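Each chain carries a letter (A, B, C and D) given by its place in the written order, and its residues are counted from 1.
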Amino acid sequence: MTDYTRAEMMVVAAARELRDRDVVFVGVGIPTLATILAKRTHAPNLWLLTESGIVGAMPTRLPLSIADPCLVTGTQAIVSTVELFSLYLQRGWIDVGFLGGAQVDRFGNINSTVIGPYEKPAVRFPGSGGACEIASLSKRTMIIMPQGKRRFVEKLDFLTTPGYLTGGDARQRAGLLGGGPSVVVTDLGLFRFDPVTKEMYLATVHRGVTVDQVRENTGWDLRVAEDLQVTPDPSEEELRVVRELDPTAHFLSREA
Amino acid sequence: MTDYTRAEMMVVAAARELRDRDVVFVGVGIPTLATILAKRTHAPNLWLLTESGIVGAMPTRLPLSIADPCLVTGTQAIVSTVELFSLYLQRGWIDVGFLGGAQVDRFGNINSTVIGPYEKPAVRFPGSGGACEIASLSKRTMIIMPQGKRRFVEKLDFLTTPGYLTGGDARQRAGLLGGGPSVVVTDLGLFRFDPVTKEMYLATVHRGVTVDQVRENTGWDLRVAEDLQVTPDPSEEELRVVRELDPTAHFLSREA
Amino acid sequence: MADDKLMTMREAIAQYVNDGDTIYLAGLSHLVPFAAAHEIIRQRKRDLVFCRPTPDILLEQMLSVGILRKVEFCWAGNPGIGNLRVFRRVVEKGLPFPVEIEEYTMFGFTARLLAGAMNLPFMPVRTNIGSDLPAKNPKIKTIQDPYGGETLSVVPALRPDVSILHVQRADRGGNAQVWGITSDHRDAAFAAKRVIISAEEIVDEAVIRADPNRTIVPDFLVSAVVHEPFGAHPSYAQGFYDRDNDWYQEWDRLSADQAAVDAYVAEWIDGVPDRAAYVAKLDEVTKAKLQIEPAWSGQISYGVYK
Amino acid sequence: MADDKLMTMREAIAQYVNDGDTIYLAGLSHLVPFAAAHEIIRQRKRDLVFCRPTPDILLEQMLSVGILRKVEFCWAGNPGIGNLRVFRRVVEKGLPFPVEIEEYTMFGFTARLLAGAMNLPFMPVRTNIGSDLPAKNPKIKTIQDPYGGETLSVVPALRPDVSILHVQRADRGGNAQVWGITSDHRDAAFAAKRVIISAEEIVDEAVIRADPNRTIVPDFLVSAVVHEPFGAHPSYAQGFYDRDNDWYQEWDRLSADQAAVDAYVAEWIDGVPDRAAYVAKLDEVTKAKLQIEPAWSGQISYGVYK
């Protein structure tokens, strides 16, 4: 078996969660990398959409930003930003919203706004962009981020993007149309959500990672699947494509 | 002086009410004929817009319908219908809304819906189309129609399109953004509106028409300007262009 | 990349238009989907709610065979010619078959479709005020602006079961491109549950992807794609053919007599199996008259980014 | 046909941007109007409300010279790179100059602009629910659907005093065409009181009229037209040049130190008289690197109708 990094495992595990013919609304960086990986391996017919209004992109390189021109040439349709959010996302055409974030809580809510108080933050992040509505309106949301105690937190400093809110049927009661988070993938493992409580649990650990390591990098008392598995290793093919897309490990080293 | 018909006088008198650089939202038929006449004579820089979403048309022939392809080839921009109504008309970019109609009352309100009760009409006309909003939102409205007692009525069978409503400041109080009718042009004369009462008055009569004739073709006690004038005759040039545009007098004979 | 959805109009209508459906036939007087409308008539789909801003002669033909329960519209005329005579008989006398009508202004009607396309329950519009229409259509309501406190007219979203669009070109998956007047095509597709595309030309997906800014409908919205050259006759298709204006004038004369309309339907709709047969039946002089010379758009470059 | 509005950027900004204005700089990370932004900085217009969904490095440069009173935005990052370091200093520490911020989501922000373009007071959006943002921005309100009774989030219309758009081509009257990502260009123009267009190419009106479906802004909305080749550098112009990604990465390093930012502004903005001088100052290696090969759209025909 080829050697691989945990960041590579993360992107491969996430890519596998995408299905052929999914309509995928991606954020730039690792979500795009994982989506292109899926498209070049098991899901050749998925549609890649970005908030810059590009529909059905076939990028020739790993895009540098959501508006990289390599996403445009050869795509099937282009609409304005507000059209993408209204006619596609709000209308219910998006199967998967694929997001990163700075902090996540046990119910899959995300913070990408501030650390500390909103009015005088210790750290100011870029803000929601389209994340709030992507997670509100996609049929399912996938979250990918490196793991750590300051990222997997008991309480978010700011709720930018709704997951299951306070859990149970809170999301449904709030009237959010999309289905909510289906998975969180990190460099340590893969997390799913309890169908009733909507609390995140550890579903698989990546090879060489212990449950204790995951717990140490989680800011709450983490639940673990009874039938916890090891994440299947990346295939040669998956690794080849990831490395072709990100030869300098630019995205993978920076964010993981 | 060349001979001319009253219908020709009507279209020439209406065309003269358009100014160079007006942005004009026209209905098909005589309004379009008058607008093209203006554009080919004293107002070369006016913009002709139709509810099919064509902006700045330079028609090579008299259009057969609002969506005649001769309006499209060589125009400067095309938008969808709802975009024309929202981004252009509702946004306040239209100087002149130019309309016909089946009935008009003394305050410039128009009926193009029914004769008789709405639920079981004696005559069913096509309906508003865009007329209601064109008259609601253009900076000024021009109305062109042949005159007659059944057309210039004391009370409309149905108010399709608002003019000054019940007169005075009724239009403003109702919250209509556009300025309201500036002129009504018929085959007998040209009517303007009292600045305070907003009641229509006869401003000019076409050559050979008497005030009594106009009164006989008006369904209410018509006011007449103290300084009533005769409408200036069409010029050779104006007649030439009208006849070039409508050589068989198709539009002019049908509607007047 | 979508499935291959190319099929005949007969298959498309049989599969995706159901009795009782709310159907939307897109296009102002450009790209009027006559081929699809005729097939709906041939199959005698029943109890339909017919939606179209400018119902045109499609409506006349459907009203004549009694397959409509209701008509939602804003301008029911023979474009550039005058009134619709069958529609008048229906509304004035309930003949040949009565229907319910639901009427809006053009802005109201197209704003309803925009609301449906955006998945909003309503759209505010600065019209209807002062008109008698809201009194006759209780679905036109008002709303209070939560910022300035102003009262605005609102219209409810329109959400057709199926929208049918005739376009200049599409690929086999359903990516559809339109130029010239785009009218209500985009919103009709996005507002609907199902979309049927008929196209003058079926092109390779690479043609679509060479100019993505022209795409009005992406493939994954589309249920069926039909290749239907001359599918908008007697209306026009920008860049393909002109409007058959003599035909529109002829209809004005013919439709004065319902028996003549019925004879037309029997001969030109029920009497032909499909659009190809209809086109073959049209005389050559007419077809020649509608031909046009090209006027090219010029090209732009999207650029190669590697 | 509109007046000839061609002028220099210096003239356009002097004439149409006033102290205290709400300015809208259009474009996501495509066609970013850097040339115009630099001229606004050079002229030290003051007390501006800066609106832009993804403020980008334009914002960094404006924040550094203290000409902004307020920033309205939804994503303030260095696209594809990370955070904006000057913006962070401003928000976290009030340095070098404090500003007020008004924050929305991307959908909320662009829906505000759409409402402004449509002349509606607000736009309903199915977002913001469950987020902490509405508690921090009282302009995000709710409204009751008069049909189903549902509660919807609404955002207020955005109506800039002046919008500035960089486009691929325009004529001298202001008809402007954009391809590739169209982002917020159209709505920015329609929502604003005044519009400044800068273009990679000034073309004859006949080029525009040969392909009217590509026109994003019609001439009569436009106050000024500026010919500004390479006017979006370091961002990109589809079909014209690539993004200068090394520059974006360099900014990430450089902007860690406010003194380095100030030196950049002194050299590359205040230190040059106009865009032409800026372009001349860029090294040839960079300019060569950003060149691209063409990828043609193909042509369609509008047809000759006589």
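Just so it is clear, a residue touches a chain if its C-beta (ideal position, glycine included) is under 8 Å from a C-beta of that chain, and two chains touch if they have at least 3 such contacts.
Because the structure is a prediction, the values reported are computed rather than measured.
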{"item": "Shared interface partners, meaning chains that touch subunit A and subunit B", "value": "C, D"}
{"item": "Winner on C-beta contact pairs when B-C is weighed against B-D", "value": "B-C"}
{"item": "Chain whose mean Cα position lies farthest from subunit D", "value": "B"}
{"item": "Euclidean distance of C-alpha centroids - subunit A vs subunit D, Å", "value": "28"}
{"item": "Between subunit A and subunit C, centroid-to-centroid distance (C-alpha), Å", "value": "40"}
{"item": "Set of subunit D residues in contact with two or more other chains", "value": "119-120, 126, 150, 180, 182, 186, 210, 213, 238, 242, 295, 302-305"}
{"item": "Multi-partner residues of subunit B (each touching 2 or more other chains)", "value": "68-69, 72-74, 78, 86, 90"}
{"item": "All pairs of touching chains, each written as two labels joined by a dash", "value": "A-C, A-D, B-C, B-D, C-D"}
{"item": "Touching residues (chain side subunit D, partner subunit A) in the complex", "value": "28-30, 53-54, 73-77, 79-80, 82-84, 87-88, 91-92, 103-108, 110-111, 113-114, 125-133, 136, 150-151, 180-187, 236, 238, 242-243, 245, 248, 295"}
{"item": "Partner subunit C, residues of subunit D touching it in the complex", "value": "119-122, 124, 126, 141-143, 145-148, 150, 152, 154, 156, 168, 179-180, 182, 207, 210-211, 213-214, 238-240, 242, 292-305"}
{"item": "Subunit B - residues contacting subunit C, complex", "value": "28-29, 51-54, 63-69, 72-74, 78-82, 85-86, 89-90, 109, 113, 118-133, 136-137, 158-162, 165, 171, 174-177, 254"}
{"item": "Complex contacts: residues of subunit B adjacent to subunit D", "value": "23, 44-45, 47, 55-56, 58, 60-61, 68-70, 72-78, 86-87, 90-93"}
{"item": "Subunit B contact footprint on subunit D (complex, rising order)", "value": "1-2, 117-120, 175, 186, 190, 205, 208-210, 212-213, 215, 217-221, 302-306"}
